[in-house]
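A, B, C and D label the chains in the order they appear, each numbered from 1.
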Amino acid sequence: MNAGVSIGAHPGFPDLIGFGRRNMEILKDELENYVLYQLGALYAVAKAEKKQLTHVKAHGALYNTACSRVDYAEAIVKAMKSFSRDLILIAPQNFKIAEVAQAEGLKVGFEFFADRNYTSQGTLVPRTHENALLKDINQIARRAVKVIKEGKVESVDGKEIQMNVHTICVHGDTPHAVEIARNLRKSLENEGIAITKLCELI
Amino acid sequence: MNAGVSIGAHPGFPDLIGFGRRNMEILKDELENYVLYQLGALYAVAKAEKKQLTHVKAHGALYNTACSRVDYAEAIVKAMKSFSRDLILIAPQNFKIAEVAQAEGLKVGFEFFADRNYTSQGTLVPRTHENALLKDINQIARRAVKVIKEGKVESVDGKEIQMNVHTICVHGDTPHAVEIARNLRKSLENEGIAITKLCELI
Amino acid sequence: MNAGVSIGAHPGFPDLIGFGRRNMEILKDELENYVLYQLGALYAVAKAEKKQLTHVKAHGALYNTACSRVDYAEAIVKAMKSFSRDLILIAPQNFKIAEVAQAEGLKVGFEFFADRNYTSQGTLVPRTHENALLKDINQIARRAVKVIKEGKVESVDGKEIQMNVHTICVHGDTPHAVEIARNLRKSLENEGIAITKLCELI
Amino acid sequence: MNAGVSIGAHPGFPDLIGFGRRNMEILKDELENYVLYQLGALYAVAKAEKKQLTHVKAHGALYNTACSRVDYAEAIVKAMKSFSRDLILIAPQNFKIAEVAQAEGLKVGFEFFADRNYTSQGTLVPRTHENALLKDINQIARRAVKVIKEGKVESVDGKEIQMNVHTICVHGDTPHAVEIARNLRKSLENEGIAITKLCELI
């Protein structure tokens, strides 16, 4: 925290043995409660350290599904608004959840997944596919620099996708994640791109 | 809530299949985090309904163990203080946890279990014992009236225990719980004892 | 057991807080393992009582989804075959799972849900719909007698469905379940329909 | 399995978030059921691979507590006997659980923890203590050779403990576990100590 790190909630489906990476069919009201529950739990732990939550990013399958499924997007946004209108939603640009959040008055930080391949529709290649994860550290850094500077990313089938980006994700369980993140940060800085807190950016 | 009911958290051990009614050996810091987590989760759900938490009562085995075990008592009180100094702790008088809470500046509501037998040391007869639960509805009501009016309750082995009481518990899973609670309330009111919110009482 | 009751496994999705009544997107191999795990766990508890498992019926959302989804049907059948080729699968006639099981050489007991409404496609009206559950005890019994004697049941929209039935389900959490089951049994016996063990029937 | 590895069950307390490493206060009958459940679940998964269970070793806090607590020892042994009298119990020599198992006719494989310090009473130094784990790979190997050849191990406070040993444990989550295990195996083999299957040894 003294390192300038912001704290955000990462609510997901109640599927611990699947690490929240499998889709579940849940009623909208139930999902809203699950998100509230997780926001509140983290809020309390942060409060004991005299820290605040600044943002929310859905986890795993909930993130992917809420991109296009309106009831899930609405449940997440409703829970966030009930909890605090100052929370920033992290979501990809051009998807339903970002649209719903902005229509409801929440700020949205657009996200890019540095270690994942994209389809030409701008969705992530699912983890069950072979080429879901990128492995070449320098390729990962080059893609990140390009998306920040030009707003463009190449899809898995060679198309160019437009994408505005405020924040970049490297998954903590991607092999060599720390090395990937360090190299990526250095590449951004070498290009003169300053790294700042999300709440100061949007 | 429009019925004048207060909302309190009921944090317990992370033992769902044992319904939190079995003791666990947990480090103090872990317990503090478990309590914070549960306070926060309920806080968020209540906030979405525009309601506030007023009190905290440990659940099941945590309640019983924290009565006498200082590290558990301190963990609960520390979590409460981190979260909000206005939260009232519900605990039995004359036990360690009440003492710790008062020393740390928290208000304490002393509790009486209407549907449970007491040992002559003032602790609850454990649920693994045959006569843990009282079953006679009128006996339960008479004991409640006596403890409020005279500050006295008879133990399972016939001794008289001194006990100040602000709040009375009837377990929701005691057979005929609703009938017990209705009869108890009527008995108190027949004796001219007014029922009020805990936060207006202490 | 001395009452002539057979023991069967009732494996479901790993979704305790949803009581297994919500669909989950699970890989076939994972589902096979979940079913094996649940079969084995019950087998061991039964063995300690010197009893055997005779049948398997998927629970909740897994039951419904495996009716039509081939990968889920195959996972259940594969787990059963690995465990014991003598296990009988309980499933509705005319659905994918029954077909898969029979093709793999398992015996299938066709099931009728006495306390649930059916669509004209022969599937259960989902629990999220208002008229999912039947409430009239005598109507429930009449439907059961009719399906056994004539092989016919009336759907929620008034069509007649053909259905062979070996076994009848009354959900334990349907209100008045015991009364429903008693009345249903009496009605069958009044019509001269003998009740027998599944393993003696098919 | 083609590598000559035996499969054993490792049943523990139902405390996933504590990784079974915290003590729980559980009734004997409940514990017996938990052990049966876990034996059965693994049995089914092994059966699907056409493999058998050969041994059982309690996990974490259950292992430690059952060493000295008779009701827990009896629950584990009773579950094992109900399931199969051919299962070998893994336990430390000279402790209650080994005694109970032998009195009930089960074979016992005496275990040595290569990566853990011992008290002079022959119990493990608890994980909450600083020097619970040994870190020096060569020291670990020397201790293992000594306990096999001389039946002796040095306690954390410098005393010599007598210990017969059939099987040696290196925890999978001890740092450098694979290196520790390789070095230990090589040291044993260098001393002419043959490694064999437990079921061929006792």
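Heads up, the rule we're going with is that a contact is a pair of C-beta atoms (placed from the backbone, for glycine too) under 8 Å apart; a residue touches a chain by one contact, two chains touch by 3 or more.
Just so it is clear, the model here is predicted, and its values are computed rather than measured.
K.L.:
Do chain A and chain B, two copies of one chain sequence, contact each other through the same residue numbers, with over half in common, or through different ones?
P.N.:
Same-residue interface.
K.L.:
List the centre-to-centre spacing of chain A and chain B in whole Å, with centres computed as mean CA coordinates.
P.N.:
42
K.L.:
Where the centres are mean C-alpha positions, what is the separation of chain B from chain C, in Å?
P.N.:
The mean C-alpha positions of chain B and chain C differ by 43 Å.
K.L.:
Give the residues of chain A touching no fewer than two other chains, as numbers and ranges.
P.N.:
Within chain A, no residue contacts more than one other chain.
K.L.:
Show me, using the given definition of touch, all chain pairs that touch one another.
P.N.:
Pairs of chains that touch one another: A-B, A-C, B-D, C-D.
K.L.:
If you look only at chain A, which of its residues touch chain C in the complex?
P.N.:
Chain A residues touching chain C: 14-15, 17-18, 22-27, 30, 61, 128.
K.L.:
In their complex, what parts of chain A are in touch with chain B?
P.N.:
Interface residues on chain A, with respect to chain B: 32-33, 36-45, 47-48, 79, 82-83.
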